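Take a look at the structures below.
The following pair of complexes shares a single chain, chain A, combined with chain B in the former and chain C in the latter.
On to the complex of A and B.
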C-alpha cells in the first residue's frame, strides 16, 4: 500500500516537473513582457503594458505582422484548393500511377525546410526571379500542400461517394458535385487543413528568411530584433505571436471537436 | 466504343483535378531540387558560378575539417537530443496514459504540446531569457546568493540540447502515448497472471509493444533536429557550428551557392539513410 502511494506521488511529481520544464520558457516570455524596466529578467519590477504599446506603435513590426497574415492566409488558401482538387481527383477516379502521384505530392513533407528553401533560392536566382513576399508564399505552399492533401485525402470515405453519385445521377455537373456536394461534406477536414496550414506558415522562419528581401514576415523581423539582445519588447511581440498561434489552434480544436461530437 | 470514350472523358476530367497540384510540386519542389543537385557540381570563380560537372565540392567537404566537423557536431547533438527526449518522454506518456483520469487525458496532451506551436525563433529566444548570462537562472541564483559569478549557460552545446529536448519531449510524448493507449490491457494482465513482476511486465511486454511509437518519434526527432538552423544559432552561438549553420554561413558571407548545395545534399543523404534504417527496422519488427 505504501509503495503504491509512493509510486503515485512519484508519478505526479514527475508530471508536474516535466510540465514545469515545458511551460518554463513560455511563462518567462509572457511574464516579462509586462516587465516595468529595461531587462526582461528577474527581479520583476511590476506590471506595465508599455512594451505592447511600443510593439503596436512600431511600423516595421506592424507591416511584418500584416505580411505574415497575408502570406499565411494566401498560401494556406492555395495549398487547400490544390490539395482538395488533387485529393478529389485521386480518391474518386482511377488514374494510372496513382501511388506514384500520391508519393510525389507527399514528398516535400520528408525534406527539411532548409533544403526546400535553398533549392527554391538557387532556382529563383538562376531563373532571375527577384525575391519578395510572393516567393515566400510559393515556398509556404510547397510545405503546406502535402499536409492539406494528406488530411483531405484521408477523410474522403466511400459513404460520400454514394451521395456524389446520387448528385451526378440527378444531373449535377462535375464541378457542381465538387463544390456543392463534396466540399460541404468535407468542410471539417478542409478547415482543419486550412488552419493547420495557416499556423505552419505563420510560425515558419527559414523559408521566409531565405526567400524574402525587403518586405519580411514577423518571425524574420523578430529574428533581426534578437541582435539587440534581451529586450521586453521582443518578449511582447513573441507573446503576441504565441497568442495568435494558440487562437488558431483553439479554432482548429473546436472544429475537430465539433466533428467528433457530431459523429 | 461508347464506354471507352466515356472513360477517356472521365480520365481527362480526373487529370484536370490532379494536374495543378502535381505541376506545383514539380515546378517548386522537384525542379529546384534538380537545380540544387546540379549547382552542387559547379564551382565558384569569384562571384560567378561556373558549371564544372565534377565532384570537387564533395571531395572538399571530406578534406576540410571545419566542414566535416559540422556534420559530426550535428550528429552528436541529434543523437544526444533523441536519447534524452525518449528517456524523458516515456514516463510522461505512461503517466498520462495510466495515472491521469480518462477525461483529463486529452486536456493533458493538449497542454503538453501547447508550446510546440510557438515558432522556433520565439521558443529559442524564450530559452535565451532563461539561460543567458543575465537570464532568469543566473539572476535568480545570484539573488539567492548561491553563486557570485554568472554561469556560462547560453552559447554552449548544452543550451542547444536543452532547447531541442524541450521541443521533442512534447513530440515523443504524443507518439508514445498513442502507442500505449492502443495496447490491450489484457496483455499485461496475462503476463502478470503468468507470474511476471512489474518490471518484467514492462521489459518483456510493454516496452517491445511501444517500440514502434518510440522509433517513429525518434525518427521525426532526428529529421527535424538535424535540419534546424535556429536553435543552434540562437542558443549554441558560434563556438561550434552545426551543419545547417555551416550551410547558412556559405550563403551569407561567401555567397558560395555550390558549397551550400553540396552540404544540403549531404544533409539529405544522411536523413535518407536514417529513414531507410528506420523503415527497415519497422518492417523487421512487423514480420
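On to the complex of A and C.
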C-alpha cells in the first residue's frame, strides 16, 4: 500500500520534472517578455505589453520577420517538390543502385548544419554567387530535402501503386498521374513534410547566419540584438518566434493528422 | 464499342518460371470470356498481357486486328477493373468515373453528363458527390465498373473483380455484370478462380492450368463434356474411375475398370486406341435409379456409407462392392431415404459418362474420412 503510493508519487514527480525540464526555459522566456522593467530577470515587477509594442514598431525586426517567412515558405515548397519527385521515382520505378540513391538523399540529415553551411559557403565563393536570402534558401532546401523525401517516401505504398496503374490504364500520362492522382492522394504526408520544413527553416540559425549578408532572417537579427545584452524586448521577439512555431505545429496537427484520421 | 481479340502463341517467363506457355486464343467481338483456373495458372498474366502491363516474352496479341506489341496501356482500347477497386480516394464518384474522359480531353459538362449516366446505370446516381470511402465494397466495385466503361473501351479486362465481396453480393453482382455486358456489347475478359461464377456469367470459359489452356467452351460443354481430367475436376465434383480401353469397334468402346467392364457408345469417344489408359468421369448427379426407361449401364452394387441433406439433393458417399477402398460420391433425390449400410445399384445413362485420356494422379480415391 505504502510502496504503491510511494511509487505513484515518484512517477508523478518524474513526470513533472520531465515537463519542467522541457518547458521551464520557454515559460520563463515568455513570462519575462511581459516584464515591467528594464531587465528580464526576477523579480517579476508586473505585466506590460510595452515590449511587444516595441518589437512590432522595430522596422529591422519586422523586415527580418518577413524575410524569415519568405525563406521558410519558399525553401519548404522547393524541398517538398523535389522530395516528392525523388520519392515517386524511387518508389515507382526500378532505378540503378536505388538503395544507394535513397541513402545519399537521406545522408545530409546526419551532417551538422555548421558543416553544411561551411560547405555551401565555400561552394558559393568558388562559383562566385554572392550571399543573399537566396543562398539562405538554398541552404534550407539542402537540410529539409532529406526530411521531405523520407516522410513522403514512407507514405508511398503498393495500394497507391495500383491506383496509379488504374490512372495510366485510363489514359493518364506520367505527369498527369503525378499531379492529379499521386500528389493529391499523398497530400497529408506532403503537407506534414511542408509544415515541418517551414518550422525547421523558421528556427534555423547557423546556416542563415553564415549564408546571409545584408538581408537577414529573424533568428540572425535576434542574435545581433542579444550581443548588446538582454532586455525584455529580446524575450518578446523570442516569444513571437516560439508562438509562430507552435501555430505551425497546431496547423499540422489539425489539418494534416485530422485528414489522415478521417480516411 | 467492341472488338475481337486474338492471342497467338503467347509465352511469358519470369526468370526460370514459365507463367504462360504458348497460349493461343481467339475471342469474338462482344463475347463474355472467363479465364478460370487456380492461382498461379497464368490467367492473371494473360490478362496483364492484354492490358499491356506486361509484354509477352514471345507471341503476339492483336485487338481489332491491330498488333498491340508496342502499345502502352494508356493507348490500348482496353480498360481494367481491378480486384481492390483502385478508385481515386480524393475524388468524388463523378470525378472518378469522368477521369478517363478528362484524360481524353473531353469537356467538363460533357464528361460529367456521361459520368452521371454511367453512375445511373450502376445504380449510384444519387451518390455522385460522395467520396469512395463513404461506400460499401459492392458499391465501390460498381463505381470501378462505371469508371472502366466510361471511356467506351473495346475490351474490358476484369481482374477477379468480385473476389473481395461476400457470397450473396457476389452472386448479385454476377447477374448485374452479365446484364451490363449484354447492354453495352463490349468484349469482357474476366478472370476468376470460382467455377460457379464462371458458369454464371460466361459465354465461353477458358480453363487454365500451369500456364496452358486445358479446355475452352460454353459452360455446358466444359461441365458436361470436359476435355481433360483437370478441367473435369476443376468445374465441380466428379468421380474418376480409372481403367483400360479393352476394345474399340465402330459402335462400342469397352473399358475395363476395377468395377467391371463398361460399354460406352463410340460416337463421341473416337481417337482412343486399345490398351490405352483411360478414366471414366462421372458427376455425382448422374447416378440414376436402376428402374427406369432409357439406356443404362451399371457399375455393380455399392454400400451407402453416409449421407447429408443439401436442400436440392442428398449427397451420399458410397463404397462399391467390387472395390471397397474407392469412395463414390452420388447425389440422390430429395425424397430419397439415406440409410447407412444399405445397398444400392450404381446405374448410369452411358451418355452422361465422359471418357478422358490418362489416369488421375491418385488413381483410386481412398476413403479417408469414412
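Just so it is clear, the second predicted complex is superposed on the first by the 258 of 263 C-alpha atoms of A that agree within 3 Å, B and C clash if a C-alpha of one lies under 4 Å from a C-alpha of the other, contacts with A are read in each partner's own complex, and residues count from 1 in each chain.
Heads up, the rule we're going with is that a residue touches a chain if its C-beta (ideal position, glycine included) is under 8 Å from a C-beta of that chain, and two chains touch if they have at least 3 such contacts.
All of these numbers come straight from a predicted model, not from anything done at the bench.
Visitor: Would you check which partner chain A:85 touches, where first means chain B only, second means chain C only, and both and neither mean what they say?
Guide: The first partner, chain B, only.
Visitor: In the superposed arrangement, does A:203 touch chain B (first), chain C (second), both or neither?
Guide: first
Visitor: Using the superposition on chain A described above, determine whether A:185 touches chain B (first), chain C (second), both, or neither.
Guide: The second partner, chain C, only.
Visitor: Looking only at chain A, is it chain B or chain C that touches more of its residues?
Guide: B
Visitor: Is A:214 touching the first partner chain B, the second partner chain C, both, or neither of them?
Guide: A:214: touches no partner chain.
Visitor: Which partner does A:159 contact after superposing on A: first (chain B), second (chain C), both, neither?
Guide: In the superposition, A:159 touches chain C alone.
Visitor: Chain A touches which residues of chain C in the complex?
Guide: Counting only chain C, the residues touching chain A are 51, 53, 72-75, 78-80, 82, 84, 86-91, 99-100, 103-104, 133, 147-148, 151.
Visitor: Going by the contact rule at the top, pick out the chain B residues touching chain A in the complex.
Guide: 10-11, 13-18, 20-22, 24-26, 28-33, 35-36, 39, 88, 91-92, 95-96, 98-100, 110-112, 114-115, 117-123, 125-130, 132, 134-136, 139-140, 143, 166, 169-170, 223-224, 226-230, 234, 244, 247, 251, 257, 260-261, 264, 267-268, 271, 275
Visitor: Would you mind writing out the residues of chain A in touch with chain C in their complex?
Guide: Touch list, chain A to chain C: 159, 162-163, 165-173, 176, 181, 184-185, 187, 263.
Visitor: If you look only at chain A, which of its residues touch chain B in the complex?
Guide: Spelled out, the residues of chain A in touch with chain B are 8, 11-12, 14-15, 18-19, 21-26, 28-29, 32, 39-43, 82-83, 85-86, 88-90, 92-95, 101, 104-105, 107-108, 110-116, 118-123, 125-126, 138-139, 141-142, 145, 149, 174, 178, 199, 202-206, 210, 219, 222-223, 226, 230, 234-235, 238, 241-242, 245-246, 249, 253.
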